[in-house]
Amino acid sequence: MIGIIKGLIVTMKHILKIGNRKTVTVQYPYERMKVAPRFRGRHAVDEDACIGCGICETTCPNSTITIVKYGTRWFPEFNLGMCLFCGLCVDACPMNALKMTGDYELADYSRESLIYGPERILFKKEVSK
Amino acid sequence: MNSAEELKYLLPNSVVSVGVQTNKPQAVIRKEDFLKVAEKVKELGYDNLSVITGVDRVDRIEVIYNLFSYKKKQNLALKVVLDHRSPEVDSVTSIWKVADWLERETYDLVGVKFNGHPDLKRILLPEGWIGHPLRKDYDMNTEQFVTIGEDGEDIVSPDGSNLLRRK
Amino acid sequence: MITNPNAYDLIIAILNAIGVYNIILGFFQDQGMEYVLRIIIVLVEVAVVVVFALVTVMFLSWLERKMFAVVQSRYGPMVTGPRGLFQPIADGIKLLGKEDIIPAKADRWIFTLAPFIVFVSVLLVFIPLPFGESLILSDLRVGLLYIIAISAITPVSILLAGWASNNKYSLMGAIRAVAQDISYTIPLAITAIAVVVFVGSLSTVDIVNAQQGYWFGFIPKWFIFLQPLGFILFLIACIAEMGRIPFDFQESEQELVAGFFTEYSGMKFAMFFLAEYAHLFAVSGIIVTIFLGGWTGPAIPLIPIQITSLIYFMIKTYAVIFFAMWLRDTVPRVRIDQLLHLGWKIMIPLALLNLLFAAFLVTFVVTAGVR
Amino acid sequence: METETLLLNMGPVHPSTHGVLRFKLRMDGEIIRDCQIVVGYLHRGTEKFGEMKTYLQFIPYTDRLDYIAAMPNNYAYVKAVEELAGIEVPQRAEYIRVLVMELNRVINHLVFMGSLLLDLGASTMIMYGFRERENALQLYESLCGARMTFNYIRPGGVREDLPDGFIPKLNEFIKDMEKRIVDYEELVNGNEIFLMRMKNIGVINAEEAINYGMTGPSMRGSGVDHDIRKLEPYSIYQDLDFKACMRREGDSYARYLVRVDEIRESLHILKQIVDKLPKGNTINQRYGFAPNTGAPSAVTSYFPRIFTPAEGEVYSRIEAPKGELGFFVASDGTTKPYRVKIRSPSFCNLVALPKMVLGLKIPDLIAAFGTIDIVLGDVDR
């Protein structure tokens, strides 16, 4: 009986929010948590730095990356449906052109739309003067 | 004298050779004497069977038993070399109970037959799976489909014709 | 014999006060159909109770989720309506839209019938429940006996549901529910009898009336003070009767998937759901009536007693419901055999002892004081 | 009286089998007469992947074995590779590794407590466990960018150094956890219903526990005082002060208490690491760049693409939160392992379950099963 009463007191403390027992969840999607700077989400490729060497392609454990022609140059294309988000491609990139953004809402309606071609992942680094 | 050499000293006829498995002593055992050696090893105090690994070396199949003694705090690895066409070795289920599942797993994935195992059937893959995946000659390109039969047991078929079939 | 006023009398009194009763009565008397008026009034009462029960059920399901959320440092439903208050309605609409599946090997008739029997049997408990001064559908002279008898229907319908589903989990849930109910109705009845010994009547209104007034001017004459052991036993038996954690064997999600309603979906599932919360309210009301003074409380001037008594009753009932939910948030489930052990070997002897104690009190101590 | 037994199929889809596990039970009323466990519904062929991927590429796959506590999986594999190739690891990297692994032990045991209580019908504890777990996961997120599948430990060190503000946040977490454990104990440990459900349920004695291959906290609940961190100290465990938590009873309650104690021990270890954390490289110079500065996603590890350890075999094991986690790696001198064998604690601990539950009831099966603490990803691989 005493044990149950002790437990009841603990839950009552939470009902009354005594001590550090506040509500911790957030109202997603109205509220969002801040992701860490190192978060491994969707990939992004620095348009100027990427040389299309294909090292990321060979490093990828799950055949996520293929090198495709975009305009006049070659860039990686990511099939995020197969991606492990392991970050090995980022480690391997010799030009530091590849990075992973904090974009994590990647759900989509078809497998085809999970293939992120260069048009969706390229970015230009802002040059600070 | 490490534990493998001690075993060699005790059973000179059954232990083929003594070596190391990186940093653990290892003894290669004649497969005919394996059960006898296992019993002796248990007597010596190796009460924990960590893992049974089957390795397909193309021309032969090696089964490696990693043992540990909680009493002596010593490691010992036993290795048996088996024929590639019909790999058979005595089961050690009667000595270490955990061998039950470990042997079933080795049977399932590598195809080693353990004589005297009480219930030697596939464990991770469904009954009726064709081939043993961790063999080097396993055909990775053949697709196999698994469906659930009337009695709840798995049915494996090489084509997908019985998928999503309803009565 | 003088019967206590009930809701029928109240409606007539209200109509009289407005001054329309005689006109209406005259109209019906001219036609020679006085009984039609009686039927209409009764139907109005029934409609009010059914609507009340449904609204209560919705509110309770919201409250339960919200309680759960608060205890677990969450928000709970927030989107539908103010603080998620309309969530139960959204859930109801969703359940209405679900496919109504009847398993191929189920017993179709019994499978369909069972949820309705459960719901009706729970609603029937509302009949002798005094919500306030003269706010009672019918003051049965055997009210308490009637409540215990009616609540014995629920396990039967659960057994029907479990058996008709033709599912092993459902069957096990149903068998557990019956075993549990049989073993807990006995201490429930015996502790209730202990109160009846004091009152000398089975009528719920008489029980409430007996609890009016104060000892020494400040302790209300509630039976909880005369019968503390009886109250605890009754409370435990009631929670078991309701089938809530720690005694929710009929469902016991982690063991039997969903117990007797594993196979139910759509509106039939909703019926079980409704019945569960209506039962929670009804049983809490009974606890309040028997042990916590029912609708009694200090009178407030200028406000009619019917309204104050209703408010007191609701406050007390929701306090009991709050306790049941609070307990659910805290404790794990007992094992079925441990529960039966508790019921037969501990609670029944204690209940009998409590009855003996009550009889002793009535005979030698408070004969004059309470009656 | 002669009664007919009932074949009850529990799972693969059932609320309390922690995933897709199947029990084939032969029941006499509510009493279990025979229990067969069917596994393999989540088999993904991880060992085959090991043969097909390079040494580096296989690390992300190890994350997916025991996804509740992935860091020890990472480490166990990397340790095997390091032993095989004889790679030196800088001290700071070792400290960081032990830090993340002990943090993961706390997480694992929090999830264990939560899911065990949920199995017993008390649904509040899991939310409390997940609330604290969230703080730890955010630490991981800031450390390596992922919350569960870390891919953080590399042969020769770790992927990145600790980010700014990691240690203060960790200290906060440790302080918070120490207070929260008191809450948990008050909520759960003394609860009479909980005791009724746990005591003398699923008893297994020390000798049987060893013979059935149980390891980790499940074994230590049976009075075996063996912890691989003590028996064969790896990494920096010989420098740390901790004890192997042990209980003698061998029942479900003992197994539960061992884990609660282990949370405390792990917090104790974490505090020591925070005090002792040395400065220096986080990766062996041969396998990494000098740290980049500035950019948040600066990469500090660069593993050579042509990595060929000498021919050989190694079996290396560590004390994962669930028990002995071992990797057998055989190399044939190419860039890919010749054979990877995973000795997963969940798989081996599960062997003893039928032995524990014979003659008990379904609720006891749930309770005993909950205290063995398995993850199906780890069982089926």
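Descriptive notes on the structure:
The chains carry the letters A, B, C and D, assigned in the order they are written, with residues numbered from 1 in each.
In the analysis below, contacts are C-beta pairs under 8 Å (C-beta built on N, C-alpha and C of every residue); 3 or more make two chains touch, one makes a residue touch a chain.
Model, not experiment: these values are computed from the prediction.
With centres defined by CA atoms alone, the chain at the far end from chain B is C.
Centre to centre, using the average C-alpha position, chain C and chain D are separated by 47 Å.
The distance from the centre of chain B to the centre of chain D, with each centre set as the mean of the Cα atoms, comes to 24 Å.
Rounded to a whole number, the gap between the C-alpha centres of chain B and chain C is 62 angstrom.
Per-chain CA centroids place chain A at a distance of 41 Å from chain B.
Multi-chain contact residues of chain A (touching two or more other chains) are listed as 4, 7, 10-11, 24. The set of chain B residues touching two or more other chains is empty.
In chain C, the positions touching at least two other chains are 71-74, 329-331.
Applying the touch definition to all chain combinations yields A-C, A-D, B-D, C-D. Only residues 6, 8, 14-16, 30, 117-124, 127-128, 131, 187, 191, 193-194, 196-197, 361-364, 366 of chain D touch chain C when the two sit together in their complex.
If you check the complex, the residues on chain D that touch chain A are 53, 56-61, 63, 124, 131, 134, 138, 141-146, 149, 151, 159-160, 163, 176, 179, 183, 186-195, 292, 295-297, 299, 301-303, 305. Chain contact summary for the complex, chain B toward chain D: residues 21-24, 47-51, 53, 55-56, 64, 66, 70, 73, 77, 96-98, 100-102, 105, 109, 122-126, 133-134, 152. Those residues of chain A that touch chain C in the shared complex are 4, 7-8, 10-12, 14-15, 21-25, 27.
Here chain D touches chain B in the complex through residues 9, 39-40, 43, 45, 47-48, 51, 83-84, 208, 210-213, 215, 224, 226, 231, 312-315, 317, 324, 326, 328, 330, 338-339, 341, 343, 347-348, 350-352, 355, 380-381, going by the rule given at the top.
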